[in-house]
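First comes the structure, then the notes that go with it.
For reference, chains read A, B, C and D in written order, and residue numbers begin at 1 within each chain.
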Amino acid sequence: MTGGKQRIGLWMIGACGGVGSTVALGIAALGKRSVSTTGLVTELPPFTSMNLVGADNIIVGGHEIRKQTLLSAVGEMHAESNVFRLETIKACAPALGRMQKNILPGIVTGSTPKIHRMSDPGCVRRASSPASAIRAIGKDLSAFRARHRLDHVVVVNVASSEPPLAHRAVHDDYAALSRALSRSGATVLPSSALYALGAFAADCSYVNFTPSVGSRVKAIEEFAAGRDVLYAGRDGKTGETLLKSVLAPMFAMRNLKLKSWIGHNVLGNRDGMVLDDPRVKASKLRSKDGLLSQIVGYTPLAHTSIEYVPSLSDWKVAWDFIHFEGFLETKMSLQFVWTGSDSILAAPLVIDLARLTAYEYAAGRRGRMVHLGCFFKDPEGMGGHDFSEQWRHLSEHYAADAPSRKRRAKRT
Amino acid sequence: MTGGKQRIGLWMIGACGGVGSTVALGIAALGKRSVSTTGLVTELPPFTSMNLVGADNIIVGGHEIRKQTLLSAVGEMHAESNVFRLETIKACAPALGRMQKNILPGIVTGSTPKIHRMSDPGCVRRASSPASAIRAIGKDLSAFRARHRLDHVVVVNVASSEPPLAHRAVHDDYAALSRALSRSGATVLPSSALYALGAFAADCSYVNFTPSVGSRVKAIEEFAAGRDVLYAGRDGKTGETLLKSVLAPMFAMRNLKLKSWIGHNVLGNRDGMVLDDPRVKASKLRSKDGLLSQIVGYTPLAHTSIEYVPSLSDWKVAWDFIHFEGFLETKMSLQFVWTGSDSILAAPLVIDLARLTAYEYAAGRRGRMVHLGCFFKDPEGMGGHDFSEQWRHLSEHYAADAPSRKRRAKRT
Amino acid sequence: MTGGKQRIGLWMIGACGGVGSTVALGIAALGKRSVSTTGLVTELPPFTSMNLVGADNIIVGGHEIRKQTLLSAVGEMHAESNVFRLETIKACAPALGRMQKNILPGIVTGSTPKIHRMSDPGCVRRASSPASAIRAIGKDLSAFRARHRLDHVVVVNVASSEPPLAHRAVHDDYAALSRALSRSGATVLPSSALYALGAFAADCSYVNFTPSVGSRVKAIEEFAAGRDVLYAGRDGKTGETLLKSVLAPMFAMRNLKLKSWIGHNVLGNRDGMVLDDPRVKASKLRSKDGLLSQIVGYTPLAHTSIEYVPSLSDWKVAWDFIHFEGFLETKMSLQFVWTGSDSILAAPLVIDLARLTAYEYAAGRRGRMVHLGCFFKDPEGMGGHDFSEQWRHLSEHYAADAPSRKRRAKRT
Amino acid sequence: MTGGKQRIGLWMIGACGGVGSTVALGIAALGKRSVSTTGLVTELPPFTSMNLVGADNIIVGGHEIRKQTLLSAVGEMHAESNVFRLETIKACAPALGRMQKNILPGIVTGSTPKIHRMSDPGCVRRASSPASAIRAIGKDLSAFRARHRLDHVVVVNVASSEPPLAHRAVHDDYAALSRALSRSGATVLPSSALYALGAFAADCSYVNFTPSVGSRVKAIEEFAAGRDVLYAGRDGKTGETLLKSVLAPMFAMRNLKLKSWIGHNVLGNRDGMVLDDPRVKASKLRSKDGLLSQIVGYTPLAHTSIEYVPSLSDWKVAWDFIHFEGFLETKMSLQFVWTGSDSILAAPLVIDLARLTAYEYAAGRRGRMVHLGCFFKDPEGMGGHDFSEQWRHLSEHYAADAPSRKRRAKRT
């Protein structure tokens, strides 16, 4: 994974979790050219001709609230989930050690009690108010950018899922929100949103790979509009939902009527553990269930469940049972079983999103990135969920950009 | 399923087989408006605005080499495969009786011994040479068109699969082929190709829904070029291959590397019985296996097997095991199980193809229909196998046609 | 299904439900010898040599709280679930009509609001107290026995599942229970238990095919001990649990360690609808989950879920994911998908249980039948859940009985 | 895995293959008490009270025809199949090195060309005739026993599968066979049988874990009868067939009629590669298919296929589709997917068989071991294939032995 002269920061919220540590290991290994680029969308044409930032020029940092380090995290993943080669880990240990220096204590302001309990003493930055937490985040990011002389920093949220945010009037107006956040003990926003505000305050872009609210708040988008930033989200489309977004259009295009779509997910990683809280699960399931009706134009019975099965470690197994009606009212079925490692599926997409965001930044664009819909379960804007359509949208976005890209290339 | 003023013939080779009799029952039931249009692609937008021929104006006829009638065939399907409501069969029995009058003895010239054995005495038209068989077919078709005052006749091959045709020089030149076909006892072409020649000779269009060679012979296409006909094929994309054509692009677009794609099909209908002949199976499997490499750009290990399991009757169960590699060389898998009634899946597509071919004919177009690729496992032309792309190709074909359609509508 | 001279009554609680009406149709069809005996355990050796009561000598009756009749029920099952041949229904309609005369309004005393709402006006017998409901049930049963000159009546509960019964002191002492039941408005027992008491009061045997409490109450068993009756239960072992009870022993006997056993059931019949109430589901899941630990001797993570998917009608699809550890701590998995019609699986077992109970009665045995464990998810006594062991227990029970059977046969 | 004072040799034909090297690693690791005894049948009660030989007292040796060593084999398995912990391999490397000294060049006399091609120069012992090959094997075994002062040596065949042996008259008479084997270039027996003869000649017991013929030849059994040996076989029951042997009895005991049982196995190890030869596959499939009819008493349509899918390495995935008929002729289905590592499943059973054979030897029994049926797809004798029955047979064998075991224990 090589590329242009840009030099960027990839700052991960929850850096030493399964996804975060896999991203770090991946960037280290790609930097050494010791692994293939399988799984990276940006290593496919037409993206390979875009001169995107290379692995060597992506500096990794992040916030983390547990004692876990990048190296201990990948070691644990290897031992429990049977992923990564031990040689890769060994060869990348020095690089992970260097990245570790950029990993700072995170905030738990606005987090659930479960997250509080997961955090380790000494790994959490206490703040007198949400506003002060935001300021601290912003300072960390600015210092990181300055220290490493980065052209831009992309903050990616890969932390544990939060419960859905109940809408309040204060979420619609930045001025009001800003006042509320200054009060000590305010619980007006969860931490994913505070991180988004901190990123924007420091003129960093923000990508939300989780179902948490992140920047998806009117007042926060209002604030972003005035800053030198881009943003996109939310909830990475990695497994069962990815399949839904290619299979549902097939049923639609064949005029086969979906009666019921039942999905059952079992998984064993920290995400599964956090999702075992019914409130948090609600947030995840909401991201997952929206898409069927949008694609087929009616609402089949849909049911998705998620269970925490620790013996699976980082692996997720999803069984989907799809009951549909064909010609002359005949009922038929499709079932699938997806067996994938969550972090392994997510990590390359995080790297893709960082590269594509950095590209947009360099191209002078700012604000919401609606062309990245194919990466998300609950994408920005109205682009729809059909994966083929989303992919076409993405390629056309960059095809349209080709002439100006050539001009930019000449200038540099 | 209502439509314009066109009045067409839908002539099926193998009319009283599973697909043929389901098509007949479907057209009868649609004519009575007693069933939904589920399964018919042409009842989706944008096709609903094309004023395609309605069920009332599709006259069904065909060739058949067994004693089976349309009514006995659907009764058997109901009893053995648990498809169709008995009330539908009863209500449509008179209509099926009327269609039966248009069903004539077929040819077995060029067929395998297995097919010969399947045929019933008195249901087969003997011919002194392939050329004479072609003439007989052409006469049947012309008489059918004249008797029912049809604007056009579309011949659809839904007969049992044939073994692959070994290429010979005579297949490349119509004059030479024509001479060879005149010799008594010549075995230069299988019956599916003789039917195609008979159809073209009578200025009828020909659609090949099976993996048999049909019109896919250079010399036959040469002959078609001089006639007032259209043609398309081959091998309807109804189940496992349909899924391949939406799932393989997903893997490609996520840069996930396919290692192995193993498909196992069990089915219990006459198609399964005929496919139990290894030579015939080869033809079917060839249609199925081509697509993966075309879509992903490399050749994963692919293996497809088909077994005849009589207890399944018209049902087909396909298990596919897809082994793929993701980021950092991690192996993962997707499995699916497709449980569908073959005839039920195929029949509406046959009706779609007849309607769309009739539309093309009325619009004045002739020759090979490359825009119908989404219906076939082994489509005409170079359009590729990605189902979304094929669908887009199809809709764009008709969108481009909209202005001239309006003009035509005004004129009539 | 032919047999001896005994003449018995099979009285079903919930007679016109899926299971009840399938039992009725089955007995009618078996009486006509128009169907095979597939599915009937008592038509296997060694049971075929026991001269069990034949279909002709089983008189069907029951209680029902809905307008549904046996005939309308089987018609609905045929139309919605694609089970039964229409000819079978037609041929058996007169017999079903005769049985229908033995079907009387049931009670809803002690039922959940959901069951109350399901009942139809005019189909429910109101009672001033539970004791009066019990008396009414007893009278119905005595009258049925007298009218048809039956040797014995076996009451089988095939009604909708109830929530688990919270234990109270009054459940442990029949005298106290009896007093409590005399009070109007008492809710000390659910209707399944009132039916059991009514059956015992009329000297009828009682078999509980559902997870409801039925006779599994200390005070009720105390009452039964003084009566001329037998009883057994509970919750018929028909599908997923049956599989568990053969697969779990396999893992145990190979010393393969179960880590997690996740089961996901989707079903569309009335049972599924009733189970959609979380309290009722608890009862069902309790029956299902007990067995694993008993069989393997430790407690793997076990999770079973049930969802109501109306499009499946009487069909149930169960996906089980079994994660286990083998030699050198290697994790492996077994998955299965069970696709069965619930009523079709249950009905022959209900007939088996009636025949075997009548046999015990004729052999002079009374009380709890522990040898019938292989029929139940939550069997009487301590016999364990291993299906092979249960089956052996059953055959040995009858093998031991062979000499006295011969003596009895001589006497008659 | 600890035990009595016996000291035995476990000599494996194909010692450095997947199964052989896993056995070696397992014995080394068990000797260090660094792994659990999961997977070992002999570590379950009642076998734990039998004072079977412990891991420390099992000396490993064998024949091998490839350059592969035990250490290189387990390293390869770890890298390709993601089995074993690297720490286990490292800790056991010295022990594997010691075992390696007992591994000698094997014979290819009587092997297929494919096996010949797999062998490495210098790893094969050339012999002037089969008789001389047998003598060489016998010498190796005697020397091994003497060098390590072993009470008994158990030879276990874990080499690649051979094609089925066509029966010839000479196979029925040891004298005739003996003469034939003396001729140079004779091809009267495959190598698995020569190894059996070599083992018996040296008074070593022989266990055949493969579908090859081994000692299952009348003349060889005649020879064994006069020697101080035991023997058992053949084809270890580890995965799909194990499941068949617990599921088929369930269908039988519920009187559910099997219509079709279709099994599809994909696997990626050397066994899979060798099985890719249709003649060899025949041998394997024959072992697999016999059991259904024996268990259910009639012959359903059965089809088993095996495909070589290198990307799976040592993993095997089996999909079985079981179509069955229930009450009132209703068709239902069960499907399962088994995902297991072949070598990991087989290895502990090899250790079990060695321990149990050594126990029999010490108990003074000789000849064919019919009580070990639960370990094999194609067991010795007429014991049937029902796994529960086989298991009961095995436990009862040892229960019956308990009193004499106590006496023996006192004597020593």
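Methods note: contacts are C-beta pairs under 8 Å (C-beta built on N, C-alpha and C of every residue); 3 or more make two chains touch, one makes a residue touch a chain.
Everything quoted here is computed from the prediction, not taken from an experiment.
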Pair exhibiting more inter-chain C-beta contacts, B-C or A-C: A-C
Separation of chain A from chain B, taking each centre as the mean of its C-alpha atoms, in whole Å: 45
Centre-of-Cα separation between chain C and chain A, whole angstrom: 51
Distance from the mean Cα position of chain C to that of chain B, given in whole angstrom: 50
Of all residues in chain A, the ones touching two or more other chains: 82, 85, 333, 335, 337
Graph class of chain-chain contacts, one of line, ring, star, complete, other: complete
Contact footprint of chain A on chain C as seen in their complex: 82, 259-260, 262, 264, 266, 301, 303, 305, 307, 309-312, 317, 319, 321, 323, 331, 333, 335, 337
Residue ranges of chain C touching chain D (in the complex, touch as defined): 22, 25-26, 29, 35-41, 43-44, 83-85, 88, 242-243, 246-247, 249-250, 252-257, 325-330, 332-341, 344-345, 347-348, 374, 386-389, 391
Interface residues, chain B side, partner chain C - complex: 79, 82, 85-86, 337
